[in-house]
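Before anything else, here is the set of structures, which you'll find just below.
The two complexes that follow have chain A in common; it is paired with chain B in the first and with chain C in the second.
Right after this comes the complex of A and B.
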């Protein structure tokens, strides 16, 4: 393959993670010449999703590539199914044909490792699973930029919490509130009163109302308002996703974000991208390409340096595969950035992330239709972190029929396995036992624990045309990535519009012109639970 | 809003740079030809609604946005596609050889039952021809895919190609429905809309005002 392209660009973006991809799209959109590359052979960096085979490659790469080891570590893969014996395999093969035709409903499929290999393409396993708040920054950006047309979403169907040592649904919609027996009528009124006040405040009023609560915890506030322990649990752990030490203002903000996103798409405030979070950076890359950005994968950078040209202008020079490229601005994944470009001043430390992925053979809590679940665990130990759990099924394009993916994540304390296993054991059967054994918990077939570094840092002072992008954080949503991308864009092109709408420019419609983007499924129930 | 079509098919164009994917798209969607597309900039997708046996079928046809150049087509491009036009240039041997690579790419990323068709474009340039029609036909037989030579410039077989692909998709869908197999697991997924109507009052409060 020939790599014949210009060697001067206005902006070069290195890495195809979320932040880099948003910046690339924003720059191309206002017609800057953008060259976007990645050292790896796929999009997404630490934000990527993989099919089962791709995930095996990722695991291998983490174990062997020294620069990856610093970013992804403590990686533990485990099977809960025995290695397939060849005898069993041939026996199973003939049985498989039977079940395919006869659709043996009711009897659960026995999964073998070979099934994972043969159905590998049906997996889209996220290394950074996240949800979108229906009125969050990313949803608004996808809509306002029209990038929403490159992807589809499903509504999260339920929010669960861990209460009195079992799973409990958190009432989100009016119907849920009516249906729930966990909250009495008196409690409902009490809750409403408090939530009304939270939603009613704007930032300024909020500062006023809560000024005496600045250094107090959200729990103290909720207790002060006379909420019962049950209600405090729902608000603090399930709605705000907090812990006993969560500060009052932070809790109020988180609650507000949750409440404001209700009622837009489905019964909960959350959306999950079809085929996983890993598709989202690609959607931004697509827009960037439509507006002329050049894309190259498999391009490791050999060296980077800043240079002053004859006319006094400072440019960045990159060497990659024997080519020398120059650009006015370089945007790059912080984990790819050479140390000498980074400021030696230590930045505010932020916690790394502990993550786990489980593949199970049924949902953590049966429901009529295939569920898509957010579960927030309060810390099991005093002083610990809250743990977020997402469960996605085949309808999201994440795994083959008959399986579920369960993602766990939390800010790191010790290591991924120690941080998350106690939580996983509460809701999953992590034994090596037979898949046919009856258990009240879904059987785990495969798992992966790993830690991801959340590198923080800034570019050495005096270099103002190199911009570093942080990787994923431990938060539930994409807000930090969107905010960071906006900041970087603002530094590159001060005062320019960030990702303005583009569809009128691109799309010529040859039928009745109706306002709004064309690519939409009409007559779709906004609940997302058609059929 | 009244629906102006009965079904929507997402189609993709795939093939090497310079084989005329964008020209084919323009010929079909606008009945126009412009010699000056050098590489694809600013083309996202085009829409044309056609009539198939009394049904209005809206074809949404996506272009590669130039990401085929260095083989950097995103996996997201293939999601939900129902038909793919594989295009090569009859005056460019390499682009013909690469069809096999593109098919491999499709097998890796697109849905297993996506309809495919191979187009040998620029068949008006007979003097420069490097790939005979027979070789194109042979390749198509090998993969059991339909094949036709086209000329976006002379408007030859472009309509035919899209109608054929659309008809095949429609037939497949009807067959699936007859087998009472609801299509795919994708129902319930939806696109975020700019002009979306508020289904219910915006806040939790108003939704719960009866309390």
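Right after this comes the complex of A and C.
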């Protein structure tokens, strides 16, 4: 270690993923001495967002670093644009200048690989794209802790589903139901009645209403309530995000979560973080640093072991390069944690995640303003998994103007490409053809398939004072990460408040500072005292 | 140590706030005193503007200060020669109101001040005002102050009404719980799309479209009353012609009853009375001495002889000539009756739409038989489509509504009374009887349309549920000699009108006070009161 800093900490956090970052912030917020490090040169770990060049580095890293092999695998990168010939490049370069200035709108830009390279900084591509429910755990935490001041969001503008072999908007809010022409008047009433009754149930009423439905599916319940097939589709697949086999109570809870988040910020229940999901861990790190945590990137760990000190206290000892660091508590990603520091349960078959990223030249469904879309695909085959699709555009700071990023994810069955390609083909043009060819689907320019290990099902935990964070899960939101961070924090400092609101500058008083001369207004001076 | 941070406790914060408040109060009191002193001294100067501005900036609702400002502005303006400087003066006043409206967007006096400035200055920028309305309605689409101000601006700058109409559409699609938007829409609908050919208030296709739109809103959220109000308005938007309903001539009195309230001017210009084919001049007096009334007394000098021939000629506003000839009912009693009809007349296509909507309502009713709004709307559809055909069902529905919505039982009872009378009237008009009695088993609670029975000599209102509230309406019984009010719920006779009765039966009105009856007898010596 080249810099001189303390070698004893109360908490050391290894890795800057979502869970780790929240724990670090919570610990330093209550003034524990925190050292937060990451072996890589950027924040976020598996939760990171990359620009286009950074993503190439990530792909290379995954392919070459053996320790990554079990975590990210089946990586398939593909270009749908031919390799740029050098003369074409120079020719188009000069043309490009013209396009920027004066080409009439409406003519689509022809993208070359070189454009991706030259505009690489305009990309913020997420490896773990997720949405926030407007009243979900993370939003409430960002508000209560006031970390929201470091963040910026955009509202998801629409929720789509795949119905009768085409994309269809889902009427989910009161305004949507009013405006839609896709359902009849009577269906509107039925839908609203179902949604309002679900929102109205408290936990007790829920148990009461659904006591006979414990082992039945949500679909059976909706059918029993007399909903038409269209409405069942909306509620089951789009609002609850379920499948035919989703259990009744789970469906009701998912619906309630969705509906409770409506009407807070926009017309849908969701927020998307500007510049990608990968921006969020950094916000927690920022607060952590403000409260005195020490940060160090590019810091690989050579070894970790627990040690009992003379006074009987167990500490964790880390060796990085020449330096030895000790701490009372170590927080780290389960994937990086040495086996001997984990509880002895065997590693179980993990149910992993299949993910895909597509870069396209237009949105999957045109709309007046730039859309930000959540699309929930029902399983295309009976018994299959539902697929979640997020489409984000330039307004979110995720890609250059003229492009869209489309993320797909689903629990893994075979491998990412086999799991997701059939779905992607429904809404994207995945041909190698020319960008000028007419197609009713947006042309895909580049894609990446990969599988990610999902350790959230693991029952193994760290031993002694080692706390392990499970990586990204397949859920749509960040709730699991927040819950985990809370659990870990509770173990480190039981009974302490989790991320109380941090104060702002104007709430501070600077002791020992002699105040300057008091400001007085002229008119006060003149007449104020006469009264 | 310098610059040590300390967070204020809530106690400290409270004390600081209190101190701030006291300080503000001191400034406020001082400024107000100064303003009033200056006003007393007639100091209408820039300083007065500055002082009032300062106070208004934090308390925009002190209307006195706005008044003072207007005085000062009018005074100052007189002494400014340059147009440019006058503009500046008014501009700064507009800026102040805009600032104040930011503090309180529902400040009556700030909006009013703005209106005053714009109507006072010679160079108002209405376009800017309309944009201001857009901004404020984006912030709060239901702020009726802004809607009101918008109507004022529109009345001045007259933008294309079509755009205004579309603006309401847009706002309603954001949130249809908006009385202001629906109301504004109704006004423009009549302006934009009157059915000139058919003489109906709204063109067919637009009438249909609005009915569809509002039903969609009503079914999306039946608990929102704004949609129901608009729907009721739409159902009532039918062609209404002023007509004479009956005409009675006796030696004592000549009276004409109308279906609508009309003025003496209207009668003088549209109605001619012929005695033995000679136009007779005379004076029209409202039976209640109102400007508008539906029963008018004709004072003339003709002598009513045994075989006189009386007819009236009414020229409707559609230039249609109605001629009604009186028949002799009894010696010296001549009565003319028109054809009467209470059925709303819709165009064929609107009727088709109403029938479709009735179908949807019935489907819904099968699902939720006790839903108040569905039942009430179904009932209104039935009544509007064919009141006599569906009469039995309508009354049954209203009886159910009395139970479901007991808080409004009185309203439903009144509706039953009204619609029963409307059913009975056409039959009574076929007969030559001079007697009226409620032919339905449901007891009357109100007496609408009583002018239709103005020719009756005997009126039997016994054993109904009438209260003393109905007494003023009895004024319509101008010819009545025998009135039976026994078995009702009268409590007082205070508002009993002057009538030329011979017999009045007040038996079995248990709440009626004996003393009051004695007083009444004293006052109306010619009436034989049975009690």
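Just so we're on the same page, the second predicted complex is superposed on the first by the 488 of 531 C-alpha atoms of A that agree within 3 Å, B and C clash if a C-alpha of one lies under 4 Å from a C-alpha of the other, contacts with A are read in each partner's own complex, and residues count from 1 in each chain.
Basically, a contact is a pair of C-beta atoms (placed from the backbone, for glycine too) under 8 Å apart; a residue touches a chain by one contact, two chains touch by 3 or more.
Just so it is clear, the structure is predicted and the values come from calculations on it, not from any experiment.
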{"item": "Partner chain(s) touched by A:322 [first = chain B, second = chain C, both, neither]", "value": "neither"}
{"item": "Contacts of A:152 with chain B and chain C, given as first, second, both or neither", "value": "first"}
{"item": "Partner chain in contact with A:186 - chain B first, chain C second, else both or neither", "value": "second"}
{"item": "Touched partner set for A:262, first chain B, second chain C, both or neither", "value": "first"}
{"item": "First, second, both or neither for A:226, with chain B first and chain C second", "value": "second"}
{"item": "If touched residues of chain A are counted for chain B and for chain C, the larger one", "value": "B"}
{"item": "Partner chain(s) touched by A:295 [first = chain B, second = chain C, both, neither]", "value": "first"}
{"item": "First, second, both or neither for A:285, with chain B first and chain C second", "value": "first"}
{"item": "Doubly contacted residues of chain A, that is, touched by chain B and again by chain C", "value": "174, 177, 188-189, 192, 507-512, 528, 531"}
{"item": "In the complex with chain B, residue positions of chain A that touch it", "value": "1, 3, 42-43, 121, 139, 142-144, 146, 148-154, 172-174, 177, 188-189, 192, 195-196, 199, 259-260, 262-265, 271, 274-275, 279, 282-283, 285-286, 289-292, 294-297, 394-397, 401, 501, 505-512, 514-524, 526, 528-531"}
{"item": "Contact set on chain C toward chain A in their complex", "value": "1-8, 13, 30, 33-34, 173-176, 215-217, 219-222, 357, 360, 363-364, 367-368, 374"}
{"item": "Chain C-facing residues of chain A, complex", "value": "174-175, 177-179, 184-186, 188-190, 192-193, 226, 503, 507-513, 527-528, 531"}
{"item": "Complex contacts: residues of chain B adjacent to chain A", "value": "1, 3-4, 8, 29-30, 41-49, 60, 65-67, 69-72, 74-77, 79-80, 108, 112, 182, 185-196, 198-205, 207-208, 210-211"}
